[in-house]
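The next part holds the structures, each set out as structure tokens.
Two complexes are shown next, each including chain A; its partner changes from chain B in the first to chain C in the second.
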Partner chain A sequence: MTTETASGAGSAPLAVGSSPVRRPIGRLAPLVPGLLVIVLLFLVPMGFMLVFSFMRTDVNFNLVPDWNIDNYARFFTVATYVRTFLKTLLMAAAVTTAGLATAMPFAYFLVRYVSPRLQRAILLAVIVPFWTSYLLRVYAWQAILGEHGALNQVLQAIGLIKEPSALFIYNDLGVGITLWYLYFPFAALALYAALDKFDFSQFNAAQDLGARPDQAFRLILLPQIRAGIITACIFVFIPILGEFLTPALVGGASGSLIANLVVNFFRGAQYAEGSALAFVIAFIVTVVLIVFRRYLRVEDVVARG
Partner chain B sequence: MADLIRDLSRRQFLKGAAAAGAAVGIGGIAAACSSPAAPASAAAPASAAPAGSAAAVSAAPSAGPTGTFNWMTWVDHYYPEQLSIIQSSLGIGVNLTELADNADGFTKLKEGSSQLDMISGDALWVPHYFETGLIEAFDINSLDVAKQLYSIAREFKIWTSPAGYLGYPIGWSPVQIYYDPAKVSPTPDSWEVLLDPKYVKRVVVENQPVEVMAYMGKFAGVKDPYNMSPDEVAKAKDLATKLKPNLLKFAQQNTDTVAALISGEAWIATGNLGTESRVKQAGGPDLKVFTPKEGTIGWMDSEMTVKGGKNTQLIRPFLEAAEQAEYIAANFLINQRPLFNEKAYKLLINQGQQDLADRYLYNKPETVLTMTLKGPGTSTQGAINAFNEVFGA
Partner chain C sequence: MAERIDPIELMPVSRHARRTRGLLAILTGAMIAFLYIPIVFLVLFSFETSNTPGLPITGLTLKWYETMLKDRQIQQAVLNSVIVAAIVAVVASVIGTMAAFPLVRARLRFADSIRLLFTLPIMIPGALLGIGLLLTFRRVLNVELSLATVIAGHLVFTVPFVLLIVSARLQGFDRRLEWAAADLGASPGQTLRHIVLPLISPAILAGALLSVTLSIDEFVITFFTIGPQPTLPLYIYTSIKLGVSPEVNAVATVILVATLSVFGAGSVLLRSGRRLRRREAR
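Let's turn to the complex of A and B:
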């Protein structure tokens, strides 16, 4: 460890004959592939979209450089877009909260009470759904939540309901349940990684010194797994803001989130309008990330999350 | 191993890492720039071609042009066995890209026409492609296989230009309304049934905003629902607002509609010809179907030759083979909607399938002239805005 620090970037010996000018260029070489990916596949397309968003789509689906901010104004002047975006924020917050509330005890139990070998097996079970396609998993939830689905059959079998209920699907509840399932592993893995590094003897020491269990949890455990919690929030909250497939498949006519409205523009080849709407969302997501960043250093995520 | 790492200088490691990264990056970029889809033979599922199908069509190895061309199309324009036979007999392969909808295909072609050689398109979209300079006209009567078409299909005015015919006619269908007579009464005959408060959460329509607004436009009495005035869009929007509580879901594809009708979750649905048959075959209820009295929307599609396509010399021999009646009859039995190949209709009669073919109007191609045809319109943006306002929160 010490050796690594000592031979770090600042003190690396120069190769014989290399000029001071070439040295920093050589050091940048490993950055190039990643940088190319970010520039070519992210920044350049984003640049195009930004330009498109100030244009207008004519009746022939051409993007016309009739520069204007109408596409942005639409978001703020048509109440549907603001309402749908607020609904999306609420949905993301609700699913994040539900995800954390279930993933935290799950990860805690796993780290505290389960043998390492069994931990690995259970974690594998958490990851297994990723081996199947996202689409298949959402379709599976159609089969579970549907009026004649597994959930209704179980509820009828145990006598809780007499008739099949349409309560669970093609509405916001169906979207929420499905998203909760889809994003639970992200929250669970982030929290598990954080809890796994926590020294539980501190927890016991706090209680030995008179702290109630809830105090020990709040004052000792939570601050030390903060990075894991924030990472879990980012992994769940942010992607849900862009979710369109789950609402389309299990949301019915009333379960649309903001990305569904964006997709409608793109499917109709209204690129200018869709781009502006996408940028508004991206801007707000960026603001959310900045807010998160105030409480999180990137190093925390890398080192602990 | 440790020695090996120690022997590898920092500079060597960085050079190696950079080279590997560059290789991966360049490989990815090269892959992205290459053909847009896997070859059909590799990507397609096993064929369900019915007996008496086009296996008999396989021809002797061709002396004509061979190679692979790029085709953006809908999945019901071909079936895998058909493409395999053509590849082995003529040496013509196909790189397939699935076509989501007309607007999607049009904009993609406009942005990168050199990557495609043939594209499928609907009704009034076809002249739009031509006027935009994206496709080439051709002499349809110079194709031997075109003689198998209903004569009406070789003479559609919307597909005729001084330069020639704009697309090779494939199939068509009106959008109809299907309903379960055990649940829906009295017998409906209008778009209005979709809005009837008795059927809350019992209706399924396609997830196509412009089409849904066009349905509402038809119900509102709008003559041209793809070119609605702002007032007409507003009328359609009001009706869509009444439709919303009745909608169970938007179907992503026809199988979603069929599944909802089979399970009984949906009682009413819009769809192409043949939906009731697919529901029945899958064990669902006996459905009734009607064409709304206000008129309906319909599609008729074709294959178009992309202007500037690098492999367009393969299209003519491909069409001569792929559009043979045997293939088309098999396609009908798989997808169950009318096609324009008259000889295939006669084959279906010989195969004892006339009832099925007539039920799906295969013998009445002139019906297409009574439909409001799909096409690009001036009200697309207004329709999407109205749709979003209704179906957003």
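Let's turn to the complex of A and C:
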């Protein structure tokens, strides 16, 4: 691990002043309640999820400890699951791409061309919707994208379409638009945090030395904001793997993502099957988060304000 | 405020650069509009006369607000949400603040792993957390789902948020203040109460307000851990699922204003904290 992390930097100087003698156990005590919350309400439940995933649900919907891996096998063989899972990955990738493609010019413009005062105002404008109810924002898109929704009305009014179109709702497109909307702020804030640290005189220097703007962008800027780009990708990609509300409200029958299948299992009290599917997602998510742990800059994205 | 000299102004600006800049400005404006479209519609529809909200607006009315205020179920749901949020905010602030101290100050060998452990519940999709809790409560502990199980579910992600915010404040804390207090004869308890806690209180309060906001709006984990008494988001979800009644838009608008007020108060606190720190630094 690198030593540039907060704990190293923050506590290094105090070794001089504070007595290292009466350190250990007592000073760790305040950590206990917090750890208990995480262990009992997060790790232990995940453990049970794993255990249940190897059980079987009998006809009375009881979990029977008849240990097997069928629940996992089914996940990899039944076409619906495989298809929905691949579609979820594809959707997450597409939304991440759309999010980055719009957030990058957005953040670049803010940092490069906007006065600090206006930058703060615009950042606030990005954060505000993101702190308003997630459920309500998804619900609002249902009203906008629907057959009698605002988008259709506007398109009809300007004469682009004649009949109300069901093109935007209860399909993957509607889900995609809504997800792009929901996760754009994460990407924008992560990229802003990265670009804000970049010294643009390097950019000008590169161009003075003969680089074309696109070369300067690719060779000078991109490598230096790589961490911010990875942070943005994680903050958009990961939550989509667990999205079930957006598909439920604007996705209809054809727009389901993998988490909807999990939820359906639990609705139908098929806990063993649902646990296996949920554990596969949880496992993938956790591995990604651990691998990219250096880029989990929650404070850059969420605690800004 | 002193105007910063933009390096781009000093360079000969090509027409191409100017056009790029114009395009970027348009895109930025469009994205901000995009962010506010759904919110504008929610608010607009809450004043719409017709039972089926949509464009064009047929007329403006306050009747949905009246219906909302008379609705006993909504009142009960609001009360449930407030109870949950209040308990969550208090418990999460205390636990999160306590945990921040050893994590920042005791030089733990596994500090990074512990930090990661506390970050995971923020990052892992709520549906997975909710399902894990549902399994544990129903199939292992066999307890009935209630507001208590909802509170447990909300603590999983609010404790980490408080921890994060308070740790950030503690990292910038000038420890010489504490040493000075100790030199002057203050006990560790007195130093904590009279020096440390007052100085980090903006962060603790901001964490508490953030917890309130997150808890009041939380839908996904609540969806799995809720019993017969709905919180407000769950009540709204049920109304949406049953077919939209326009008073949902009125409720939505009220929540919007309430959340933004709490959020606004929180960011003012954080900012005043930051200003305070800057003054200390001088």
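Throughout what follows, the second predicted complex is superposed on the first by the 250 of 305 C-alpha atoms of A that agree within 3 Å, B and C clash if a C-alpha of one lies under 4 Å from a C-alpha of the other, contacts with A are read in each partner's own complex, and residues count from 1 in each chain.
Rule of thumb we're sticking to: a contact is a pair of C-beta atoms (placed from the backbone, for glycine too) under 8 Å apart; a residue touches a chain by one contact, two chains touch by 3 or more.
These numbers were taken from a predicted model, which means no experiment stands behind them.
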>> A:F75 in the overlay: touching chain B, chain C, both, or neither? Say first, second, both or neither.
In response: neither
>> If we overlay the two complexes on their shared chain A, which of chain B and chain C does A:F198 touch? Say first, second, both or neither.
In response: neither
>> Looking at A:V128, would you say it contacts chain B, chain C, both, or neither? Reply first, second, both or neither.
In response: second
> Which partner does A:F168 contact after superposing on A: first (chain B), second (chain C), both, neither?
Replying inline: neither
> Touch check for A:A282: first (chain B), second (chain C), both, or neither?
Replying inline: second
> Which partner does A:T57 reach: the first (chain B), the second (chain C), both, or neither?
Replying inline: first
> Looking at chain A, does chain C or chain B touch more of its residues?
Replying inline: C
>> Looking at A:Y183, would you say it contacts chain B, chain C, both, or neither? Reply first, second, both or neither.
In response: neither
>> For A:K87, using the defined touch cut-off, is the partner it touches chain B, chain C, both, or neither? Pick first, second, both or neither.
In response: first
> Just chain B (first), just chain C (second), both, or neither: which does A:Y271 touch?
Replying inline: both
> Which chain A residues lie in the overlap of the chain B contact set and the chain C contact set?
Replying inline: 15, 27, 29-30, 33-34, 37, 148, 249, 271
> Can you name the residues of chain C that touch chain A in the complex?
Replying inline: 1, 3-4, 6-8, 11, 17, 21, 24-25, 27-28, 31-32, 34-39, 41-42, 45, 52-56, 94-96, 98-99, 101-108, 111-112, 114-129, 131-136, 139-140, 152-153, 155-156, 159-161, 163-165, 167-168, 170-171, 175, 179, 210, 213, 217, 219-220, 224, 233, 236-237, 240, 244, 248, 252, 255-256, 259-260, 263, 266-267, 270-271
> Can you list the chain A residues touching chain B in their complex?
Replying inline: 12, 15, 26-27, 29-30, 32-34, 36-37, 40, 57, 59-61, 74, 78, 80-81, 83-84, 86-87, 146-148, 166, 170, 248-249, 251-254, 256, 260-261, 264-265, 267-271, 273
> Considering the complex alone, what residue numbers of chain A touch chain C?
Replying inline: 1, 5-11, 13-15, 17-18, 23, 27-31, 33-35, 37-38, 41-42, 44-46, 48-49, 52, 63, 102, 105-106, 108-110, 112-113, 115-117, 122, 124-126, 128-129, 131-137, 139-144, 148-150, 153-154, 181, 184-185, 188, 200-201, 204, 213, 234, 238-239, 241-245, 249, 259, 262-263, 266, 271, 274-275, 278, 281-282, 285-286, 289-290, 293, 296, 298-299, 302-303, 305
>> Which stretch or stretches of chain B touch chain A in the complex?
In response: 9-11, 14-15, 17-18, 21-22, 24-25, 28-29, 100-101, 103-104, 106-107, 110, 128, 132, 201, 207-210, 244-245, 247-250, 252, 263-265, 376-378, 380-381, 383-385, 387-389, 391-393
